[in-house]
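Chain naming follows the written order as A, B, C, D, E and F, and within any one chain the residues start at number 1.
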Amino acid sequence: MMMGDRDDAAAKANILVEALPYILEFRGKVVVVKYGGAAMTDPKLADSFAEDVVLMRSVGMQPVVVHGGGPQITELMRRLGKEPEFIDGLRVTDAETVDIARMALVGKVNREIVASINRHGPVAVGLSGEDAGLLTVRQRDPRLGFVGDVERVDASVLERILREDLIPVVATVGADESGQAYNVNADTVAGAIAAALAAEKLVYLTDVEGIYEDFDDKGTLLSQVDAARLEAMVDSGSMSEGMIPKVRSSIDAVRAGVARAHILDGQIPHVLLLEFFTREGIGTMVVP
Amino acid sequence: MMMGDRDDAAAKANILVEALPYILEFRGKVVVVKYGGAAMTDPKLADSFAEDVVLMRSVGMQPVVVHGGGPQITELMRRLGKEPEFIDGLRVTDAETVDIARMALVGKVNREIVASINRHGPVAVGLSGEDAGLLTVRQRDPRLGFVGDVERVDASVLERILREDLIPVVATVGADESGQAYNVNADTVAGAIAAALAAEKLVYLTDVEGIYEDFDDKGTLLSQVDAARLEAMVDSGSMSEGMIPKVRSSIDAVRAGVARAHILDGQIPHVLLLEFFTREGIGTMVVP
Amino acid sequence: MMMGDRDDAAAKANILVEALPYILEFRGKVVVVKYGGAAMTDPKLADSFAEDVVLMRSVGMQPVVVHGGGPQITELMRRLGKEPEFIDGLRVTDAETVDIARMALVGKVNREIVASINRHGPVAVGLSGEDAGLLTVRQRDPRLGFVGDVERVDASVLERILREDLIPVVATVGADESGQAYNVNADTVAGAIAAALAAEKLVYLTDVEGIYEDFDDKGTLLSQVDAARLEAMVDSGSMSEGMIPKVRSSIDAVRAGVARAHILDGQIPHVLLLEFFTREGIGTMVVP
Amino acid sequence: MMMGDRDDAAAKANILVEALPYILEFRGKVVVVKYGGAAMTDPKLADSFAEDVVLMRSVGMQPVVVHGGGPQITELMRRLGKEPEFIDGLRVTDAETVDIARMALVGKVNREIVASINRHGPVAVGLSGEDAGLLTVRQRDPRLGFVGDVERVDASVLERILREDLIPVVATVGADESGQAYNVNADTVAGAIAAALAAEKLVYLTDVEGIYEDFDDKGTLLSQVDAARLEAMVDSGSMSEGMIPKVRSSIDAVRAGVARAHILDGQIPHVLLLEFFTREGIGTMVVP
Amino acid sequence: MMMGDRDDAAAKANILVEALPYILEFRGKVVVVKYGGAAMTDPKLADSFAEDVVLMRSVGMQPVVVHGGGPQITELMRRLGKEPEFIDGLRVTDAETVDIARMALVGKVNREIVASINRHGPVAVGLSGEDAGLLTVRQRDPRLGFVGDVERVDASVLERILREDLIPVVATVGADESGQAYNVNADTVAGAIAAALAAEKLVYLTDVEGIYEDFDDKGTLLSQVDAARLEAMVDSGSMSEGMIPKVRSSIDAVRAGVARAHILDGQIPHVLLLEFFTREGIGTMVVP
Amino acid sequence: MMMGDRDDAAAKANILVEALPYILEFRGKVVVVKYGGAAMTDPKLADSFAEDVVLMRSVGMQPVVVHGGGPQITELMRRLGKEPEFIDGLRVTDAETVDIARMALVGKVNREIVASINRHGPVAVGLSGEDAGLLTVRQRDPRLGFVGDVERVDASVLERILREDLIPVVATVGADESGQAYNVNADTVAGAIAAALAAEKLVYLTDVEGIYEDFDDKGTLLSQVDAARLEAMVDSGSMSEGMIPKVRSSIDAVRAGVARAHILDGQIPHVLLLEFFTREGIGTMVVP
């Protein structure tokens, strides 16, 4: 072993000494990851994400992937000659649209995530909120049609799939009591599932570094923030529109028993491994 | 209790005395049902089918539902402005087509079957052959594009889901070693899955009564036939085109250890219950 | 399948659709059946009873059969040259009589029931209250000799036998603390055992349709009655002598946690199957 | 502690040091005891026997008691005015006689043994060969009527009862395929049950010391003998009539896998404890 | 069997009838034995002790042996040229002394006890209080150096070893939070371990008969005494110096949930068997 | 996250991606480490070794530590005024010497290793080959006295301790059939234990880089070598004296079923982690 090798070895050893205790700490723990943004659209990042969840599971963690797919719904609607319409940023979803949404989410986006993970090991199983009563929803607003709010999560199907050492990948379509399908906000579903599973962590992969104290000053990234302060920030209006559902769901989740919620930058390759197995915090951690 | 009641009671009692031993016999047994035809398109029959599989499971059987959806693929292709093309009756499937097929099968047909079953109890979980390495396929013919033949079935994901008392509903999309999706014939997949699970029974729901000795004479329905004779009938050409994949898969399945294969008329309401829990045979039973 | 067959099939299917949910509901539930009357003495009814309990067990229920045998005791006494004597309808039971009673109940009646059940499957095991401390009794009245009242039921031997998937058939002989044998009323024992096992149901097979509101008017059969009203009826004296121990035991049992007690007409073949697996009520159901 | 106490203590200690290893050796082992003779008729010996089997079970052994009761059958027949008749020493058993035998064996002798054991702990359960298909027999000789030879032993009911830490006490009534009851020789049944259970030991309690080399010379007691030599002795006619079924069954049992058979003198109080837990052999031990 | 044999047999039978119920009573129970005195130094007594603990384990008890070894420490110190020094009867223990103590206790005394037990069966495993965090101690007095008082017992390593059917033999060396070794009083450790294991019994093997009411009158041996009275006796000063730690630890142990503590004369061969498996009490029993 | 942070993060991520699959691969696998040389005598290396074995166990591996302690024996002998004597490099071991060896190995070296590991988590348990029959030895040569060769390894005590998630630390003292203690070569014991446990790996921590093709040329380090070639090298005499027992034991171990043996340089901090969890080989790996 050369001198340079020795330095290299010492560096590696230090990282391992740092990582191994986390592996023990997180064994058997459920981590719900809301997947989206560049981490989902950039093929290299998507592959690094897939590798991460397979590695997490291989050391005994229980990852659950939750995803939406607004752009893909819009694209399929357009291909089918239907122009999307929005009210207050929410898609007006008639019967034909929910059918299209389901095809896009369950039949395309979910399939691609499952396939991507399974290239690293045959462990991913695609699910939608309609499977085995996972997500029961109610209509949010008659003007929006089949846009649902989460009414009840029956996480038993997830628990059973996790018990079998598989990785559930959940497309956020839900059903009301009569079995009618609805489109549901994926950020909210991720939080509700994390709460229902009493997850150790809820992670949002986004395209920003985390939450800034001052939205306009990138130097004010918050590495840790508690639910009360976060709520005050949302109320004061100092939060971007797209961040709000993630932040509200994080607040709800940590209040409902999830130990930690994280807003991470999905543009960092292997950000999940770095967050879970190294000492330094990445992005913003929300605590109760 | 009136006299008429007494007769009625005696009739009921006889049916129960007849049915109960079958319940004992089939407890814990796996039954793979290839679902299709009128039983899938007629809403009332679809509902009676959904009720049957939930009841079968409630008395301890382990039903697995397998389905395709050629007409639905064709319909979505046309809506997207793409005209289906066939060679020897098989759909030419380019990259765009397999994407559409997946949306139709996984994102629409599978969803509707799952929703229909879950209206009778939250027990159905949708799967495709891509989940957890269920179906590995290879290309059949370069001219057909992404049309796959079953190369390997890894039924462990089904066994795990059955162990959790859920009903898997399998859309017949498979993947090759590289993770590329393929469309696969559902009749063949049903047989291969039955063999991989060492199922007690493989059932094809069709729109005919069963297999006729003489295809043109409805009076020649075969109630039982062995694999050798059936093979001779296929070879002699006395079999309708659509029946051949079912018959070939039945022959393969019983030779691979499945105890019985059945060709049943899905137009009879509750035909599954009648076949499993009453003495008289319905349709055609294939034995090794 | 002929037209008539189709109607027949539909009827069968309906009965199955009706029966299967009950099978799920009653799986693993304990049902204590007090066996007696014509159902015990008529060979055809005895055989239909035996078939019923074996079928109940085969679908996962846990039947327990309890029986007495007054006429058989009387007959054996007379063959041995001893004339039965009664005080207030209760047999005076000296040491010789209890020995004879035991031979008649355990050595004859119990054996015949066990043999009858075992002809449908080798699952019945005869027991008396003396086995493994099942029934501890105390003397009712010195004038009656060895006639016992139930003091304590130790149902653990029954639980152990049920756990082994066997059907216990209990002859109602008990023992006092010193091991001395006593004759005990079988109706009372059935109720006490049902309570000790926290049975789902307690069933009395009798030679009448059930309980009549007005004992003299067969049109006043009560299909359901609660414990309080039944108690009032007993107190008012509007109840036949032979029905009173059954009714009192039913009241005690439902008050002690048994969900339902039933007074059924054992002259209806397969009355147990009809009661358990069809929608219409038969006889009288006693609720708390 | 006085000097005399010390000697006494040393003696006690030696016996314990001797006994404890046997307890380890026999834990979990099945021992079939054919009970009869003075040990059954003398009340003090009967009580010491009952105590022994309860103590054996308390240290983890699994005793099974098998008994007949010829004298008791004869007595009940006479009380019922029926004179016993014998051909070659075997009782002619018509339908009425087998009914009487069953009442005597199951309804009287078995009950008394069960009661006697249960006075030391509520652990005995009475069984007959008819219970749960334990003994299937065939007719020995039409002239003898319902006298059966053992055709098949289904020991699963015994295994289940032993698994529940209970002591089965078996009356030797069997049934043929049609469910007809037969009287069977208890010595033979004991051997057949020991073989079916792959028992560690088969023990016959008799009224003699054991087997003598020379039947007329009490000084020739054999402490150990192998099956071949014993067979030669039987063939040479140098064996008392009553001993022959015991000896033949011992030979068959050790050849069928039972480790040891013992012919013991049931007139010695606690002879079972002495045989199992002390070093010196008692009576005659038969080895393969 | 001769007449004399019969008497002998009866005597043996009586001892067995007496012993067997204790075996049932103590199965699975933990017994902590503080080993020392003549029972440890006299080779014959040491062998009888080793045989006893192996026999106790063979009948399902869970013995734990605890020992010190003052004389052996002193001897090794002297061989290494170091003169022991005492303050108030406690050894002054500098860094070198604790090293020597550990070699004497763990490397010599413990090894000899383990070897002695293992000659009767390979079941003993030597431990010290440093293993797996068993004994955490704090310094008693700076003048004494590394003499520790028990601060915390983590008995899980003992429970795990007992679960594996092994006999732990504990040398009473402990460690403080920093891992520094200390010498600890063995009598006290035995009591603390008995309390931590919720032992059934705590036994001190000593060189006296037990506790005397009047220390000077050997006729006043107390066969049973409760904790309050014992405490009064200690407080009144009527107790030998060497007995006090045993007595204090007995009082603490029975108050902490140990059912019984015993002061026994280790000079009686097999005193443990006599105490556990015979009716008469030996030595002094301390009750709560 | 700064630019430099990003590079650092990428480096960390790569090491984690590299390490995690090994964690999965080695979970539940037994690794026997022969501990010695500088890694044992240098306090910093000893601490890094202790941390490594605790981390290995924390991610599910099952480390077993084996050690000797020649220098420590020599030192204690000298302190006790006894001059060591050697024949062919082996210590002449009379009765007093084996006693001293045991005190040094079990009472001192073993204690220090256990204490060192337990500072990172209370999981180490000290053992010697005398515990629970672990090492049975026979005398090598009468001239050497109590120097033993391994005759039989009974690894069940190690398996039981591993099953309890503890780390056994084994001092290489063994016993012959009579219980007499012997000193045994630690390199040989490590190999024999690895074989008996069917270990995944056997690791020797030494003070050299590994095995050199040419002993005098440090540039000829062999990174991998098979048993046959290694045997040839030993036979040809091109191996240092101290390496021979390690090499012979490695050859025996891989031939007896151990997957890999490793000769590693214990002077590299965390060499175990580097070997197990990074891609590059360190030292010399011996394959079958």
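Points worth noting:
Everything that follows uses one rule, which is that a contact is a pair of C-beta atoms (placed from the backbone, for glycine too) under 8 Å apart; a residue touches a chain by one contact, two chains touch by 3 or more.
Being a predicted model, the structure only gives us computed values, none of them experimental.
In terms of C-beta pairs in contact, the better-connected of the chain pairs A-F and C-D is C-D.
Listed options E-F, D-E or A-B contain a single repeat of the B-C interface, assigned here to D-E, on the basis that more than half of the contact pairs agree by residue number. Subunit A and subunit D have Cα centroids lying 71 Å from one another.
Between subunit B and subunit F, the centres computed from C-alpha atoms are 59 Å apart. Counting partner chains per residue, subunit D has no residue touching two or more of them. Taken in ring order from subunit B, whose neighbour in the chosen direction is subunit C, the chains follow as B, C, D, E, F, A.
Across the complex, subunit E meets subunit F through its residues 76, 79-80, 99, 102-108, 110-111, 114-116, 118-119, 122-128, 130-133, 154, 157, 160-161, 163-164, 166, 173, 175, 178-179, 181. By the touch rule above, subunit F contacts subunit A in their complex via residues 1, 6, 9-13, 15-17, 19-21, 23-24, 51, 55, 58-60, 209, 265, 268-270, 273-274, 277-278, 282.
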